[in-house]
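Sending over a structure as structure tokens; questions will come in a sec.
Should a chain be cited, it is by its letter among A, B, C, D and E, assigned in written order, with residues numbered from 1 in that chain.
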Amino acid sequence: MNNRVDPNFKNELYKLGNKESWNDCFHCGNCTAVCSLTEENIVFPRKAIRYMQMGLKDKLAQSAEPWLCYYCGDCTETCPRDANPGEIMMALRRWQTVKYEWTGLAGLFYKSFTSLIVALILVAIAILTIGFMKDFNHEAIMHFGHSLEFWLIICVFSIILVPNIIRMFYFTVIKAKVKAPIGSYIAAFLSLFGHMFTQIKTFKCDKQTTRWLIHFLVVMGYLGLLVITVFLDWFGTENQSIINLGYITGGLVFVFTFILMISRLSKNRELNKYSHSTDWFFIIWLFLMGLTAFLVRLFIDIDLLTNNFWLYMIHLMVITQWGLLLVPFGKWTHFLYRSFAVSFINLKKASLS
Amino acid sequence: MANEKPKLKVAIYWGAACGGCCVSVLDVHEKLFDVVAAADLVFWPIALDFKYKDVEAMPDKHIDVTLYNGAVRNSENEHIAKLLRQKSKIMVAYGSCAHMGGIPGLANFTTKEDLFKRVYEETESTVNPDKVRPVPKYKVPEGELELPEFYNDVRALDQVVDVDYYLPGCPPQTERFVEVFMAIVTGAELPPPGSVVGANEKTLCDECERKQTENKLIKEFKRPWEIQDDGETCFLEQGVICMGPATRGGCGARCIEGNAPCRGCYGPPSTSPDPGAKMMSAIATMIDSNEEDEITTIVDQIADPAGTFYRFSLPGSIFRRKLFEKE
Amino acid sequence: MQGKNQTALCLCPTQNGYTDWVDLNEIANYASEKLQIKTIWFSNDLPLLNAEIIAEKIKQSNAVQIILAGDKPGFFKPLFSRAMRVVGLDPKNVKLVSFSEYGAVNRYHTGLAKALVACAFYNVPFDVAAKQPAKNVNPETLVIGGGIAGIQASLEIADGNQKVYLVERTGTIGGHMAMFDKTFPTLDCAACILTPKMVEIGQHPNIDLMTYCEVIDVSGEPGDYTVKIRQKARRVNLATCIGCGICSEKCPPNVPSEFDTGTGLRKSIYIPFPQAVPNKYLIDADSCTYVKNGKCGVCVKVCPVKDCINLDEKDHEVELKVGNIVVATGFQTFDAKKIERYGYGIYDNVVTSLEFERLVNAAGPTGGNITIRTTDKKGNKIFKGDSEVPKSYAIIHCIGSRDENHHKYCSRVCCMYSLKLAHLVKEKLPDAEVYEYYIDMRAFGKGYEEFYNRINSEGIHIIRGRTAKVLDKKGKLIVRSEDIEADKLIEQEVDMVILAVGLEPREDAKHIAEILGLSSDNEGWFKEYNYANDPVGTYNGGITIAGVCQGPKDIPDTVAQASAAAARVLQSIILGNVGAGLNTISPDVIIEKAKKLSTL
Amino acid sequence: MEFEPTIVSFLCNWCSYTGADLAGTSRMKYAHNVRVIRVMCSGRVEPTFVFKAFREGADGVLICGCHPGDCHYHEGNYKCLRRYHLIKKYLDQMGIEQDRLRLAWISASEGKQFAELADEMTETIKSLGPCKVKNVMETLT
Amino acid sequence: MEEVRIGVYVCWCGSNIAKMVDVEEVSREVEKLPGVVIAKDYKYMCSDPGQDLIIQDIKKHNLNRVVVSACSPRIHELTFRKALENAGLNQYMFEMANIREHVSWVHTDRAEATKKAKTLVAGAINRVKWHESLDKRHVDIDPATLIIGGGISGISAALEIANAGKQVYLVEKADKIGGYVAKLDLTFPHMYSGKDMIQPKIDKVMNHEKIEVFLNSMIDEVFGYVGNFEATVKAKDEKEIKFGNVIVATGLKPFDPSGIDNYQYGKLPDIITSLELEEMFINGQVTKKDGTIPKNIALIHCVGSRNTNYHEYCSRTCCMSALKYANQLRSALPESNIFNIYADIRAFGKGCEEFYTNTSKKNVMFLMYDQQNDLPKIKKAGTGDNCDMIIEMNEKLSGEAIEVPADMVVLMVGMKAHENAKEIAHAVGISMCGNEFYIERHPKLDPVATTTDGVYIVGTCQSPKDIPDSVTQANAAAARVLATINVAHMEVEVTTAVVNEDVCCGCQTCINVCPYTAISYDEEKNVSVVNEILCKGCGTCGSACPTGAIRSRHFTDEQILSQIEGLMSMQLQI
């Protein structure tokens, strides 16, 4: 029975976010209207909250709208019932991440802090084991590390992320009965990358410029770092401009993630008030990644790495944990889903017009 | 008994009227003996051969009672009315026409000109290619012929001369006439001049046999033939306009007994300054609607308010006649 | 009958997170020591999700009766009733003692709370035990506030042949109601029904009307209060002013009219509105040129009555002795500027409902023409009858009400007056488009639902969805809302936005409460003696409350309450005495009395 | 000299008379042609009054009552409304322009509306010219 | 008729009138009119010297009628009437011509204004000739009060009055007093105990020395008028009682939902009304008919309310009751799923919105439906459904057609007028709205009085309302009663209608016209009779009377017609 209401559905969701205010919404529609990103036929957060409250799982799985939310906090600040729609949207995104993710690991990690810790430790042990097997040979391990990164990306992408995106497409477009003309698919596809890298939509949010800038710089730093380490072999290259670029991107990543961490701790703004454990993992690992990469290259440049090889081991551990656990099953996917959601929503709009 | 007193001198005149009033006098049947015993008829053109000059010859106030029936329509009516007034002690406006203008008074809805046009030119049976009309003076070889002047307006008697008593009805109930007459004859104390006699102070409903309730709410006005009359329910409660509540009783509810609503020939009670206005007000109040559109629809069902509420009384009403542009 | 040791007491801590709440431990001590209750639980120690376990506990305690005491313990009662049932006991023996029912809401009221528990324990109704000794009453009554509530209460008492002093802060009685155009749901004009009452007040031999006065101090005791009143300098002699208005014609300054909520201007010497009672002029010292700098005095020169205007008049104090006081101080509307998103104070044509009320009023500044706001030469933002007429309107409900960020409560009247305003717009401008945005349509009163249905059929767009913001787009206003039933977001372009502002306690309500010793609730509304049982009494003997100062309500409810307050006053006058008031009676006295009356 | 009509008006005590008073207290200016007769309720106004006014030389008659639903006596104004329509029909039959009689709802706050109504009615009657009832009646033969 | 001697006084009102009206000319001209003995103008007629002038003239010139031409009679008619009284003249021998509000303040042409002023004064002079002395009349008020209905409203009103030491007769149809409130376990929004609230009041009423309670009793008909009513209480023994005021508090009747097909009430076992649920709470167990505990409980709001097929009005209390039940259910059955199926939540009372907010925090699912056009449908569940019933509905906040599982459905039935409402209305002579609730005298300013003086309506017989609102109304009516009792007599309108029995023909047209049922038909005399105590003097009957038998005192035909004549005669003279 897919249209049967289910009051217990919320219980499932409680683990994905702050549950205090989940029943409070009385559906005035303020959140939808105050949000600068809503459009005539693209309404959220209220609608998604409604599905959540009523336990209409299918409907929730079919809506890509939660991904359009950048959690600026306007809705929560102005909510007349303190129902915290922003946070509910965040939780719903987590739920959707779990829903799209086919292995079930995402769900496990989101709901169980312990399992994530265990997995992280297991990965760390695996890296240590490999290091041990390679006699902690610094050249061999760095070489191994480099190709591990490469294959990790390929595998995670093809085995986890691509199927998940396809699942997302299945839920939000096919099951939601979005029937868009072919031309709009192309347009949607083209718009995808722009959104992915710039998150240009954030600009429509009021008073969000700084936040966008930080976010943009982190994304740019992260992607830059990815390209530079994996494809341009930052740790191996002698090309000074690549090296410099690496420093910049690495620096961007850890400096700005640090700033983000501080603001999350201070909870000075609505969007910072509630942090799920996975938020912290994401941001800490990003920070560690940037910082360790930066330090590794620095140590290479000042010839300290050989004596401080543990640094690279840590970096490799962080990077593997990141690539193997946090990217496919954690908040990183938001980056992907969000971009695709914009395209899928465009399809929806095209089908409605 | 009556013989012991000098007989009353009585005059009866017929103005603009149908003659019914005179007939009503004749209708006294065997009471005629009492009447004749008590009175000398000194002037009664319909029944006895008196000339105007006979009247003119009488000294002033020679006649005890004049019963003037009919409205004042032309110069002759007016002249005789004034003449009789001069010669009479008591002037009685006898019947609806003298009282309020009566049926002839309905001519006040039109003008002399239109009447003449219709009568002398337009009626289906008229052949008058030269459009000849009556004129007051017409020269013939034998001399000048004189016709009374036909007035533009019909007037009630009291609009021409002072009237002492009104004896309403179209025609007045004979019994009422006899009562009044005998009262005068017996020298009973007369009501103050200007009174209506031979009719009740209360209106017709008081003597009406039909059942009266407070249920006078009208959603639709009906003509008498449009209802299934049970003979018992008040006409107004059946949506038929009945002038009963605003018309003096005394007629014996003749029309009602004939299952026809009252038309108002006995005229309004003394408390009514205008013969139709009170009834109009009452009837409108009975309309069972507060919605303007519905009210107008219901009002429109009264085809001819003026004719309905002033059937016998137009000249005696506040407005007396219809206004025309050229006036 | 339950013996003493067969009673279990369950104490329920506050659920509202009051920090300074009644001291439950003290009550627990009291119960165990003085009442010798053996079984005392704290509700938060109990498994409140399981009736069976509670039943087990009841069984263990041997109790046959349970007293649930604390902050609204009724919320737990069904559970305990069920548990009693499980044990096989009569669920009717679960007794409730709600501290807040009689205003025990903080630490200082612990004694009162004890008394409440004791009364329940001794099975004596609290009202019986707490019956205060009667005091002789002065038959004269003070009514504070000249709005409809004060008017009604005054007339009611005065018609009972008793003397009333009606004290009004402004220059005229009438209050908010006088400002309204029509009243829902019958749409009769407020002035038509109110002004006769006002005139009646002005002419009533038993009413001493004191306008432009403020109560500054109340002392004494129930039945015998001494009230100090500041008679603000009116500067016009009430007795001799003939209300001709020549002074006003010649008065130079123009200032925003309070009566017109600033939508129009008035002079410094003015009459609040043409039908004011008393229909006499007064001088507003704040704007009077003479009062400010000693120059002018034109009004004195043109006044046809000798010595009528005295520009140097000073405030003075008057003292009254009264037996009863009716408080009917009313409300103020929510300041829409507090919610910037709606653009009030930023965009000219965002108006409050009260301003709009004046705007549609035939006696208002525009003569009933709805127009846009303009700026006059002196920079006053006012409405003029010949300005442009807006063609489309948005009416936004719940401004400041039902909002955790502002007022949590529902203001009770806004839905209905908004519908009324929509109707008035449509009546004046049949071609106008009117959009109404609401959360829940609260058309609850007599004839209200019918009114709602009627308005709904008049071609007004009634949209479920709270407007979140009003934006400016080239002079037009954009109202952004979700249309929940149509499942879409709408950005409606309109010419004028009407904010249905809620009601809130007057700024000085707290001050008045202090003067009179009244309790207020969290929001600042005056606390009634008992929510359901006695909505007009207070904890102070001889002081009753009426109208919106007790909580938002519409006109009929206000009038009913005002009459109810008058009933209390008349009752005490007829009896010749008045109860002393709960706050003057010691909890120990109540407990003693309960003990004495107890059948245990 | 321009024709200055005389308009007799019947105002109910509770709404319309108060409204007319408000026009005064608000110093609104309007045509001087309206002469007011106060009745307690428009429901008191009956055809006789209207006819009498015309008969005595009024050029127009104005009746004002509370707005529908507002009547101080519940429904008096509806009774007036019913009569009004019948009177109008009768006037028409009697050759008197229907526009010479007018029924309007004026509430106690509608001083302005009353002033406007007075002006409007005066204009209407001016355009109709003098009412001839009185003259005609006095010269009947 | 005595000789008419009129004094006319034209006020300057400072310059208010004098500026635009030549007051001296006015007084000069009108002095010439027949009947006028003296005409004067004065600066301020309303001032004490002005009034003295009138009083002196009345004595000196033996005036028997006075016309003051000044401001609006709405302002100073009473002032001058008092002056006449002081001079020993009946106060109704006075007429005012309003030459300020209707002349000087609204016109700009002084000549025309003066002319108009003269006509108005002439009208007043002509009118006042027909004025007659009217004497203020009083009726005595019997201090006892009859209260019909012993629910919370009746009880509250009874106590309020009896506590002032005045006799009350309380007539209750049932065998005990307390009404519906006595059947409530808890009250919203504070969850206070209903029983604790009303029981002390019941005890007080039953033992009050000033209250005589008649149980199992009815009132057949109330005779008389304000201050002087009498009736027979029908019980086992009949008893005649006399009283001055009546408070009707007949209360409500719950809506019977069996007529709504969609809801299957009476057809499926665990569909109950709110009152049945209330009883379960009082008995401490909420169970299905089979004795088991329901897992899914749905509360459907607006049953029989806000729907033109049943009752268009809102029953005002059901939303809050439903929220209360949600709280009670949450407490009694912590594991249950609770669904509130509603249309609009109407939590308008003090503390009610907060109650709604708190309730929604208790894991209660709120589902919105269209109460007018699209009622939920209850059907029996299938075997695999894991519940007893399925409610099919279109949920408005999500736009989805959904199914709601239910093991128990509670129908929040609305309020109807009491079944005896009609009889009682007849008995005491009050009227009802279309839906059998009683009509108040004025919906805003007089919500407890009726058009029948001395008869008040309180509580849910007037319209649905909650406990505090009912209690408030009850107390309000008590105020009115106490005030009249305290004064002991009541002034009644003197400008009433009166029937001339010599003319009245008994057509009864007037009877329906009167909004105050002041006119009755005397069958014996065949005339209508005006009860002058009930009459408010609107004059509508006078205008409806086809015979002219009804005179509206102080607004008689003669007075008004003469005023018209006066207005117009002066007009032509000028």
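Everything that follows uses one rule, which is that a residue touches a chain if its C-beta (ideal position, glycine included) is under 8 Å from a C-beta of that chain, and two chains touch if they have at least 3 such contacts.
On a predicted model such as this, the values are computed, not experimentally measured, just so you know.
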{"item": "Neighbouring chains common to chain B and chain D, by label", "value": "E"}
{"item": "Core chain by centroid distance, with centroids computed from Cα atoms only", "value": "E"}
{"item": "Dominant interface by contact count, named by its two chains", "value": "C-E"}
{"item": "Chain whose average C-alpha position is farthest from chain C's own", "value": "B"}
{"item": "Distance between the centres, which are taken as Cα means, of chain D and chain C, whole angstrom", "value": "43"}
{"item": "Centroid distance [mean C-alpha coordinates] between chain C and chain B, Å", "value": "70"}
{"item": "Chain A and chain C: spacing of chain centres that average the CA atoms, whole Å", "value": "51"}
{"item": "Chain D-chain E separation of Cα centroids, rounded to whole Å", "value": "31"}
{"item": "Junction residues of chain A - those touching two or more other chains", "value": "26-27, 47, 81"}
{"item": "Multi-chain contact sites of chain E, meaning residues that touch two or more partners", "value": "74, 345, 357, 397, 513, 540, 543-544, 557, 561"}
{"item": "Shared interface positions of chain D, touching two or more other chains", "value": "18, 25, 27, 46, 48, 52, 72, 75, 79, 83"}
{"item": "Touching chain combinations (by label order)", "value": "A-C, A-E, B-D, B-E, C-D, C-E, D-E"}
{"item": "Residue ranges of chain D touching chain B (in the complex, touch as defined)", "value": "46-48, 51-52, 54-55, 68, 75, 78-79, 81-83, 85-87, 89-90, 93-96, 132-133, 136-137, 140-141"}
{"item": "Of all residues in chain E, those that touch chain A in their complex", "value": "337-339, 345, 356-357, 360-368, 385, 395, 397-398, 400-405"}
{"item": "Interfacial residue positions of chain B with respect to chain D in the complex", "value": "109, 151-153, 155, 159, 273-274, 277-278, 280-281, 283-285, 287, 289-290, 292, 295-296, 299-300, 302, 304-307, 309, 317-324, 327"}
{"item": "Residues of chain A defined as touching chain E within the complex", "value": "1, 3-5, 7-8, 10, 23-27, 47, 50-51, 53-54, 56, 59, 81"}
{"item": "Footprint of chain E on chain D - complex, ascending", "value": "4, 6, 8, 13, 17-18, 20-21, 23-25, 27-30, 32, 35-41, 43-46, 48-49, 52-53, 56-58, 72-76, 79, 83, 115"}
